[in-house]
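Two complexes are shown next, each including chain A; its partner changes from chain B in the first to chain C in the second.
So, the complex of A and B:
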């Protein structure tokens, strides 16, 4: 789980072009400037590339925070 | 009945008193369910049957999904297809009868079919969408199924949001309907203030400007200035009319102890096309985002089958462009079957895609500099004005004719009419501007002042006088009733 969060942090920094960005499980879209629906798609596709998996639309909609994204990635990798 | 009918001014106090006298949640919900059927049946006695059918179909579909999870894909597909077919039958029958059927059958038979006059039932698309949100979320495993028919049928037909939204989400409303609600004087007064503000926007602003906007758009030979001041008038009319409806819906619902989602957040202060859709018709925009845009980005079918030739390696940019095109096309078709609505949807897809392309190439420090908003907000308002122009035009040929007018042309009388229209726009926009100033700067500082209560009560009294003095001449229709 810690590995997933750390790897996601790199994805976030790359997508939002911010090397100082620090994410936690509680981070939400409202706390990261420029995280709108366009950036959300970019972010999810970057996460797909980083973890070599393919999300389904129902999975990436309604994620409440980074913690839910971490759980989703772990679940998919575990499955 | 409409919120600005005198009937509603009698209906709501009866509902409000009866509801709070009941005290127990169960009886309150039964009472609200019956009141919602009366509210809807006031337009036409047959309408509650359609409402119950749509709500019942989703109630049953979610229970089937829960009982047969291995079949949830098929059950969901059936629910979506039934909903879309039902909606399209009513929504596009008139267009189909006028444009397609005469080409397929003889004029006599086409005339017989057109004579059926199948009209769009008020609010059908709104309650179709918010019921469908429940079925989709249950099948996605994001929501537990509800078996209590009273609670669910009330969610599906709750009258304040029934005919023009907000397109509510089950995660917001169902838990409130399933909890005890107690009379809270501060929520009642807050809801009353919101509803009065909404009524004022509709009756005193939108309905004041509406006849002049109609004159500008229906004029056979308008000048350039008439066309664009008319478009500006419609831009203001649209937000006052629709946000006015939403505020009445949210305000009356708050008085009943049920909070509905916000639908507008000063949309004309948006700096980008994406931000606009987070401020305008928020409930529908987020519905499209979750149930159309995201599937258009991530569903296997779209990824594997709808590709753009010669775009090279598939990238987030092209994925966004494709999803935007699909989403805005759906939005355009939802608004109407005429070409101007399709063009309007395509217009927003194009400016959204161009925005995504530009923002990807901007230097990082530019993106973080908020001073750009002084430039981008007026530019975005210009794009919104152009979009509203497309939206309001009766046809594409007329739109093209208006877009090629000489900006300096027009008779002295036409310039006088345009200047008067500009004055009307200033009158209708002023309270909106004051509302922004009050909300952002004044409210946090003056709420505890001793004079705040009498001033607020006076302002509400002004709203009430404006509503009561104009309600008989007001158009009971809201712009979004037609969708």
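So, the complex of A and C:
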């Protein structure tokens, strides 16, 4: 799980072009100013590439925070 | 609380990532946005109740919009739409009543929550609905949620509408919206394939509208041919379509605006006005700009007239 969060932090920094961005399981869109619906999909596509996964739209639409994304990735990876 | 306030309050509490786009649409044209939001929200409240409409419609809108953005991202990666046949779409979308119901309520709000569709809405209202002949007999092909045709009837108390859609969800939802809007006595909804409408008598309609069906068809020309068949010479048509805009059930990939214009001209239409609109924001580094096109057409009275 820690590895997933760490890898996701790289994904977030790349997508939002912010090398200082720090995420935790509690991070939400409200705390990352550019994280809107378009960037959410961009983020999910980048996460797919990083973890070699393919999400269904319904899986990622309702994610409320980074922790739920970590759990989704771990679940899909069988962790 | 107004319908608009209800909608934003629900979205802020439950879908914060989607609020920015909604606020941008409001800021782009506050007067029209407010008018359409109150109108469409009121009709939806008549169906789902004062407290129920915002959750149903906003949830559906968010899910639909996210599906669309996701499909566009896949399109960017793959270079082609996900599906290419009606059979594929029927299996994944059209045949599932629950999926279709949510899909249609989601699309319902895009008429104003997608800022570029609000531009189409203004032309539809001002240049089509308000300009068709008095006491018009109007045919709507594939009304989907029914909002466009009901809007026309609300603008034009003298008009009558006959609508045809292949989807049972469409017939149920469009009928319920017409009833809620108080125009059901002038609207009829019949389950029928759009492409079978060439069996109807030719040249009886004063006006015809068809919104965002053409990109769902394997043979889009047949739709334009049907529209021409149904209209009287001189009759007006409103046709909208999507270009390089992916969606799970978009199968015909229009790439240039001229494709739709040429198709309309081929089947005997004079192209009165066109507009091509795009979202305020697209995916980063996008190759394809998703566009929506509106065409105001008139069936020619002579070969070149």
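As a working rule, the second predicted complex is superposed on the first by the 78 of 79 C-alpha atoms of A that agree within 3 Å, B and C clash if a C-alpha of one lies under 4 Å from a C-alpha of the other, contacts with A are read in each partner's own complex, and residues count from 1 in each chain.
The rule we apply is simple: a residue touches a chain if its C-beta (ideal position, glycine included) is under 8 Å from a C-beta of that chain, and two chains touch if they have at least 3 such contacts.
Quantities reported herein were computed from a predicted structural model and do not represent experimental measurements.
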Original post:
Does the superposition put A:72 against chain B (first), chain C (second), both, or neither?
Top reply: neither
Original post:
Which partner does A:57 reach: the first (chain B), the second (chain C), both, or neither?
Top reply: both
Original post:
Among the partners chain B and chain C, which is in contact with a greater number of residues of chain A?
Top reply: B
Original post:
Given the touch rule stated above, what does A:37 touch, chain B (first), chain C (second), both, or neither?
Top reply: both
Original post:
With the two structures laid over each other on chain A, which partner does A:46 touch: chain B (first), chain C (second), both, or neither?
Top reply: first
Original post:
Does chain B (first) or chain C (second) touch A:28, or do both, or does neither?
Top reply: second
Subject >> Touching both chain B and chain C, residues of chain A >> reply: 36-38, 41-42, 44-45, 57-58, 60-61
Original post:
So in the complex, which bits of chain A are touching chain B?
Top reply: 17-18, 33-34, 36-38, 41-42, 44-46, 54-62
Original post:
In the complex formed with chain C, which residues of chain A make contact?
Top reply: 28-30, 35-38, 40-42, 44-45, 57-58, 60-61
Subject >> Residues of chain C that touch chain A when the two form their complex >> reply: 16-21, 62-63, 65-67, 69-73, 77, 281-284
Original post:
Which residues, counting only chain B, touch chain A once they are in their complex?
Top reply: 137, 140-142, 274-275, 277-278, 289-291, 293-295, 297-300, 316, 319-320, 323, 352, 356, 359, 364, 367-368
